[in-house]
Amino acid sequence: MIYRENGQFKTSYLADQQIFTIAQDKWFVLGLIAFAAIGVPLLADEYLFRAVLIPFLVLSLAALGVNLLVGYCGQITLGAGAFMAIGAYAAYNFMVRIDGMPLILAMLLGGVAAAGFGILFGIPSLRVRGLYLAVATLAAQFLCDWAFLRIGWFTNNSSSGSVSVAKLDAFGWIIDSPAEKYLFCLAFVVVFALLAKNLTRATIGRQWMAIRDMDVAAEVIGIRPMYAKLSAFAVSSFVVGVAGALWGFVHLGSWEPAAFSVDRSFQLLFMVIIGGMGSIMGSFFGAAFIVVLPIFLNQFLPFLGSLVGVTVSTAGISHAEFIIFGSLIIFFLIVEPHGLARLWSIAKQKLRLWPFPH
Amino acid sequence: MNAPNSAFLSVNNIEVIYNHVILVLKGVSLSVQEGSIVALLGGNGAGKTTTLRAVSNLLKGERGEVTKGSVEYKGERVEAMTPADLVKRGVVQVMEGRHCFGHLTIEENLRTGAYTRTDGKAAVEETLEKVYNYFPRLKTRRNSQAAYTSGGEQQMCAIGRALMAKPRLVLLDEPSMGLAPLIVEEVFEIVKDLNAKEKVSFLLAEQNTMVALRYADFGYIMENGRIVMEGAASELSNNEDVKEFYLGLSGEGRKSFREIKHYRRRKRWLS
Amino acid sequence: QAQEQFFPVLVYRTGAYAANGNPWANGYVDYLKFINSQGGINGVKLSFEECEFGYATDRGVECYERLKGKNATLFQSLSTGVTFALTDKAAVDKIPLITAGYGRSESQDGSVFAWNFPLLGSYWVGADVAIQHIGQQEGGLDKLKGKKIALVYHDSPFGKEPIPVLQERAKLHGFDLQLLPVAHPGVEQKATWLQIRRDRPDHVLLWGWGVMNSTAIKEAQATGYPREKMLGIWWAGAEPDVKDVGAGAKGYSALALQHGAEPNSKVVKDILAALHDKGQGTGPKEEVGSVLYMRGLISAMLGVEGVRQAQERYGKGKVMTGEQVRWGLENLNLDQAKLDGMGFAGVMRPVQTTCTDHMGSSWVRVHTWDGSKWGFTSDWYQADDKVLRPMVLEAASKYAAEKNIQRRTAEQCAQ
Amino acid sequence: MTDMNPAAVAQPGRRFGDVILDLQNISLRFGGVKALTDISFNIREHEVRAIIGPNGAGKSSMLNVINGVYHPQEGKIMFRGEERKKMEPHMAAQQGIARTFQNIALFKGMSVLDNIMTGRTLKMKTNIFQQALWIGAARNEEIAHREKVEEIIDFLEIQHIRKTPVGALPYGLQKRVDLGRALAMEPQILLLDEPMAGMNVEEKQDMCRFILDISDQFGTTIVLIEHDMGVVMDISDRVVVLDYGKKIGDGTPDEVRNNQDVINAYLGSGH
Amino acid sequence: MGFFIETMLGGLMTGMLYSLVALGFVLIFKASGVFNFAQGAMVLVAALAMARFSEWANAALGGDSLFLANVIGIIGAGVVMFIVAWGVERFVLRKLVNQEGATLLMVTLGIAYVLEGLGQTFFGSEIYSINVGMPKDPVIMFEGLIEGGVMINKEDFIAAALAAVLVGGLTIFFQKTAIGRALRAVADDHQAAQSVGIPLNKTWVIVWCVAGLVALVAGIIWGSKMGVQFSLVTVALRALPVVILGGLTSVPGAIVGGLIIGVGEKLSEVYIGPMVGGGIEIWFAYVMALIVLLFRPQGLFGEKIINRV
C-alpha cells in the first residue's frame, strides 16, 4: 500500500510532464543517485570499482546512447562499437595534438566527432531499414576497426596501433584513484541520462518514436524523416562517443582497436534489447545484466560447485557460463519480450494494485 | 437457449487477462448451436475480439490468457489445443484487421487456407473456384501480393481464406469492415448460404448491427467485458434500447446523422 | 594462510583460442603443482586460482583486478591486449607483469618499464632472428639483397609488433618486405595467399595465432606455396597449428622460444611421475611436453624462480610482496647448473636479467614439423643487439616522455 | 455536373469558399495495375467532400496522391491555384493537409497523448539543445501545445485513455486517436479514410458529430471516404464516385444517389 | 591474366562457401521471420558433432573404414541438429509467437550462447579435423592457354557444386510446395498463420531442421577446409553481407550474393588492398553490400519491402 499515487494530484501540465509522475519514484531515484555518489565510494573496494562499477557505468552510458537510436528511433545498429572507437580516438587526438586541451572538453569533442560520423553512417538509414540497416551498419564497424589499425595518424603513429593516455586532469582535479574515476563516470552518466530523458519527452523524442513505429504515417503528419533519423544518429553517436572516450581514458587507460570490436557492438545491442528498448532505465538494467552477470557466474559457479563437492574445471565453468548466460537471455525475453524495464514497470503496476490482483 | 453442455460451442464463464494485469473479460458465457448464426454485438472495447480469440486460442500471441472458466467445442475442452488443432476440427477465425500474408499473392493466401485439408487436390481446387465465385474481385487480383491490394480486397481475401479450410464453425470478426455495401450484403449472403447448405455455424462479432441481426439467429450484447443482454435476433431487434443505440432508430425512424446535435451519453446496462 | 605465495593464472580455455590456451594453462598449473609437490619455494607453498578471460581484453582486466585483490604478486597477462591495458595499472599496483615471449618489445628496457618482464624474448627478437635464419638459409645475410619476404600477420598490435624491426632489416640488407595483414580471427586468407602466389615471395613469415596459423598453412598448400619457405613466430609453431593439417604442413618451420616440444626432458618426466601418474595432472597426459604446454611450464618456472630469487634477498621461506618479486625477477640468474638442476637441461639456455634488461636472454632456434612432430632444425641464434638496442631505447624513451616517467638511475636500480 | 455553382449545394448557414485543391487528369499506375485513370475533380474550401466507390476503386490511392504518398504518373494538382510540384508527404503536411488512415497507422509504442502531440510537430520551434536542457522556451512550448492537445482530447472524449499505449486500445478508439492526431495539425484539408469502419451506429453518430463540428468550428475542408451510405448522404456536401480507377459520378448526394452508373457499380438497388 | 582468373575463381569458390552459411540465415528468415544469429553456432555444433562422432566411430571401428566412420558421423550430427531444432522450438520459439523481430533476433543470440557452451562441453574445445577425403593439393589447368596456367582447388569445386545443388533444391521447395508456402506465410504473420491452421510448432521444427542440415553441410565443408574449432562461428559474420546483398528472403539471392561478395572481396583485397595497407576485404564486402542496398533496399533478389498505408 506504500506505492500508490493516491492523493497525488497534478494541478498543472508541467507537473504532469515531470520525469517521475509518482513521488515515490522520484525519491527512489534521487536516493539511488545520492547513494551512488556518497554511499558507494565509502563501501566499495577497488575491485568493485575497477572491474564492475566503472565498466558498468560506462557501458550503461553507451547503451543509453544506443537505446536512443535503436529503442527510440527504431534504427537497429550494429556499429555502436565503431562510434565508441571514434569517440575514444578523437578525444585522444584532441588531447595529444592540442596543447592544454582540457580533458572534459576533449571527451565532449570526441563525442562531437562521433556524432559527425554518426550522421554520415546514418545516411543509408534514409533508404535502408530494419535488419538490412543493422547489417549495413557493420560496414561502419569494420571500416573503423580497419582504419584505426591501419592509419597511423589516428594513433599518433604508435607502431603497435595501441594508444594510451597520460594522467587524467579535469580542471585541476587529478582523477587517479578508482573511487575518483568512478565518480567522474557517475557524473557523466547522471548528466547524460537527464539530458536523454529530456530529449525523449520533448518533441524530438516523439518524432523519433513516430519514425520508429510507423514511418509513413510520421511523414504524413509532417515529420521529416531525414531530420528525425539523422538527429537520432547524431545524438546517439554523441553519447556513445563520449562513452567510448570514457572507456578508453578512464577504464582502460590504454587501448587498441579490439577494445571496440564488433563484439562490443553486439554487446551494446544486447544490453538495449535485454534492458528494454525505448527506456532510459532499461539501458542500466541491460548493462547490469550483461556486465555483472558473467562476472557473477564466473565467481559463483565454482563456489556452487564446491558446495556440492565437485571441483569444476575452469573450462567447464566457462562453458557453463555460456550456457547459463544464454539461457537467462532467453528466459527473460520469454518472460517479458520488452525487456527488464518493462518487467520492472509491470511489477510496479502490480504493486500499485496490491493487494488486489487487478 | 438449450442447456450449455449440449451446445456445439460453449463458452463458460471465462475471464481473460492481458499482460498479466489487464483484466478484460469478466466472466463471459455464451453458446452456439450447431448450424446457427450467432451475433456478438457491443461497442468498441467491449471485448468481442477477445472473446473470439479465447475460443480460437489465439490469445497467446497477444500475451493474453484465459484465467478462469472453460471453452468447449463439441464437448471437448479446447484450452490446451493449439489453434492448428482447432482448425483441423473445423474452427476457423477470420481475424479483425485482415491479417493477410502481405508477401504472398492473393491466390497463395487462399491456398494456405487449405493447409489442414486432407481431402485431395481436386477438392481444394473446387473450393478455390467457389471462393472466386463468391468474390470475383479476388480472381482479377489473384496474382497481386496481398499487401498491395486495397483494404476491401484484403478483407475478402481473409474471409475467402477461412472458407478454404472447409470449416464447421467460423469465428468472423467484423467481416463487414471496410467493405462496400454491395459486398457486405454479399458476404452475409454467403454466410447464410453456407449456413443453410453446408450447416456451417457462425459466431460473428459485428458492428453493423442492422445487417448482423438480420442474418443471425441469436445475439449477445457485450459491454465492458460482460454479456449484458442476450436473445433471439428478432427479439433483440425489437428491443427499444437496442433499436436506439445499436440500430440508430428512435421512435420516429432513422435519424439523419447531420441532425444529431448532441453527443449522447451511451446507454449503459451496467454502471 | 599467509604462508602461501599466490599465483594468479589468467587462462582462456574457451572461445576462439581455446585450443592454444588450454595446453599453456595446463603446463602453467602443472608446474605450480609440481613445485608444491617438491615442498614449495623454500617451504613456501604456492596457491593459485584460474581466471578465464576468453582472450578478451576487458575480461582480462577484470580478472586482474579480481586476482589482485587476492594478493597477487606477479601476473602473466597472456595477451598483447591485456599487457597494454595493464602496463600502467601494474606499475601503480606494484605487481610485476611477466610476458614471456609476447607483450611490448620495448618493455625490455627495465629502466622505463620497471614492472614489465618480456622474459626470454620479445617480438623484435623474433623478427630479428627470423631474418637471420632466412639469411642463413640463403647462404648469408648479404644474399638477401633483392629477395622478397612477405609477412603474413594477424591484424592487431601483436601482429604489428615485428614490423619496425623487419623494416629496419630490410633497409640494412636490401630485401623487399611485403606486408599482408589478415583480419581477426584469420579464417579467410584466400586473397592473401593468392597475392603470395602471384608475387612469389622467396620467404613467408607467419605472425599468427590460433586458427590463423593452420588456415595459413592450409592455404599455402592449396595455392602450392612450399611450406619449407615458411617460417612462423613461436606462437605459430605448436601442435594445434599443424595437427589437423597433418602431412600438408610437413616442412613448415617456426621459431622456438628456446624450447620446442620436450617430451623427453627431465622436468617433463618428473612432472609425469609426480603428478600425472598419481592422477593429479591438469590436462590430458599426452599433452605433457607439447610446445605450448612447455611454454606455460617455463612461464610458471620463471615466475617461481623470480620469487625464489627474491627470497634470497628478503628472507627464505617468507611470502614475497610484489615489489620483492620484482626485485627477484630483475635479478634472475638462471645459469646452466641451476637449469640442469631443475630438469631444464636441453630445454633452454641460461637467463640473466638486470635492472635495465628485463628480457634476460634472446636465444632462439628453429624447429620444423615433419608431418607428425616438431624437431629442431637449426642452431641457436641470438638477436643482434646492434639492431635492436637503439630501437628499444628509442621506443622506451618515447613512452617515458608520453607518460612522464623518469628513467631509473643506477642507484634506484641498486636498491 | 463537374463544376457546380457552390451556392447551389450550399446548405443554409454553411459557406463555401473557392476551390482549394483542383485535381486534373490524374492517372496512377502500379506496374500493370491502373489504380487511377484520368480523374479530375476539385475540392472547395470548407466543404465536406466524399469519395465513394467499390473496393479497390482507388479511393485510398486518391488520398495518397493528394497528400504526396503516391506520385501520379500523369495529371496536375493545383493547390490554391498554384500547380504543385512533386511533393513528399511532409511537405503536404506543411501546406496544411492532414489525414487519417484506413488501416490504422498509429504509433503503437506511444501513449494516446504522445500520439496526438506528434501532430503538433510542425508547430514546435525550439531546437534540440533547448529540448535537451528542458529550459524555458522548450518547456513553455511543450506546455502550450499540451494545452491544445488536451482540448482535442476533450473534444474527442478520450480523457480516460490519455496515458494508455495505443497498441492496447480497441479498434474504435484507435480510430478516434487517429483523428485526434490529424486534428492536432490544425489542418486546412483533412482527409479521412473510412473513419467509421468498425463502429456501431452510436459511435458513428458521435464520429459524424466530430466531423461536422470540426468543419463548423475550424472551417476545415474535409475529404471523406466511407462505405456507409447513410453517413455519406447525410453529412457530405458533394460526392465523387470512383469505380475501377475511373470517375463515374460527381455531384450532390442526391444527384449521385440517382445516378444509374453509381447504382449499378456500387450502391445496388437497396438504397 | 591467369592471376586475374585465379582470383576470380578463388572468389567464386569462397563466395559459394559463404552462400552455404547465408542459406541458413535465409531459410530461417524466410520461413519464420527470425533473423537467426545462431546460424554460426549451429555450423560449429554441426561440425563439432560430425568431427567427434566420426572420430569416435573410427576409433571404435579400429580405424578400418574411414567411410563408414564418416557416415556414422554425419548421421550422428544430423541427429544432433534435429535435437537442436526440436529444443529451439520447444523451449524458445513456442513461447515467443507474434513477437517483434528485435526480440526474436536477441533470442537467437541467446541460443547461440547456449549452443556454443553445450557444443564445447560435449565435444570439447580443441581443434578437430574432418576428413571426408577432399583433395587438398591444387591442380594447374590450361597451362597451354595461359602462361603459368590457372590453379584450381578440387576441394573448392566440390564444395561449390554441393552448395549449388542444395540451393536449387531449396528454391524449388519454397516456391512450389504447399509446405514452402505455409512457411512463407508464417514469416509474414504468425497469428494469421495460426488462424488458418498452420501448426507453428511443427513448421518451426522443420525449418530449423533444414537449416540445421544446411549448417551441417557448411560445417563439414568449412570444417574440412579449416579444421573444426570455435572460430567457425565467425564465418557467420562473413556471410552477413552476402545475406543482405542477395536479399534476406531469397534463396537464389544467397548464392548470387555469395558469388558477388566472394569475387568482390578477393579482387579488392588483391588489387586495391596493397595500395592502402591491406586487410580491407571484410569491410569491403560490407561496403559493397551497403552500396547495393542504397539502390535496392531489399537486396538484389529480396522481396520488395512493403510499406503501405
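Assorted remarks:
Every chain is named by a letter (A, B, C, D and E) in the order it is written, and numbering of its residues begins at 1.
Just so we're on the same page, a residue touches a chain if its C-beta (ideal position, glycine included) is under 8 Å from a C-beta of that chain, and two chains touch if they have at least 3 such contacts.
These figures come from a predicted structure and were not determined experimentally.
Number of steps on the shortest path from chain A to chain D, with steps defined by chain touch: 1. With contact taken as defined at the outset, chain C and chain E are each touched by A.
Summarising the inter-chain layout, the chain whose CA centre lies farthest from the centre of chain D is C.
Centre to centre, using the average C-alpha position, chain A and chain B are separated by 46 Å. The mean-CA centres of chain B and chain D are about 29 angstrom from one another, to the nearest whole unit. Centroid to centroid, with C-alpha atoms defining each point, chain C and chain D lie 74 Å apart.
Chain centres here are Cα means. That of chain A falls 32 Å from that of chain E. Each of the following residues of chain E touches two or more other chains: 120, 125, 277-279, 282, 308-309. Within chain D, residues 69, 101-103, 105 each touch two or more of the remaining chains. Those residues of chain A in touch with two or more other chains are numbered 146, 149-150, 214, 216-217, 220, 315, 319, 321-322.
Across the complex, chain E meets chain A through its residues 35, 91-92, 95-96, 99-103, 105-107, 109-118, 120-121, 125, 237, 240-241, 243-244, 248, 276-280, 282-283, 286-287, 289-290, 293-294, 297-299, 305, 307-309. Residues of chain A touching chain C in their complex: 45-47, 50-52, 55, 146, 149-150, 159-162, 164, 166-167, 251-259, 261, 263, 294-295, 298-299, 313-315, 317-319, 321-322.
Residues of chain A that touch chain B in their complex: 346, 349-350, 353, 358.
Every residue of chain A that touches chain E in the complex is listed here, in rising order: 70, 76, 124, 127-132, 135-136, 138-139, 142-143, 145-146, 149-150, 214-217, 220, 262, 266, 269-270, 273-274, 277, 315-316, 319-330, 333-334, 337-338. Of all the residues in chain B, the ones that touch chain E in their complex are 56, 58, 60-62, 82-88, 92-95, 99-104, 108-109, 111-113, 115-116, 145, 147-148, 161-162, 164-165.
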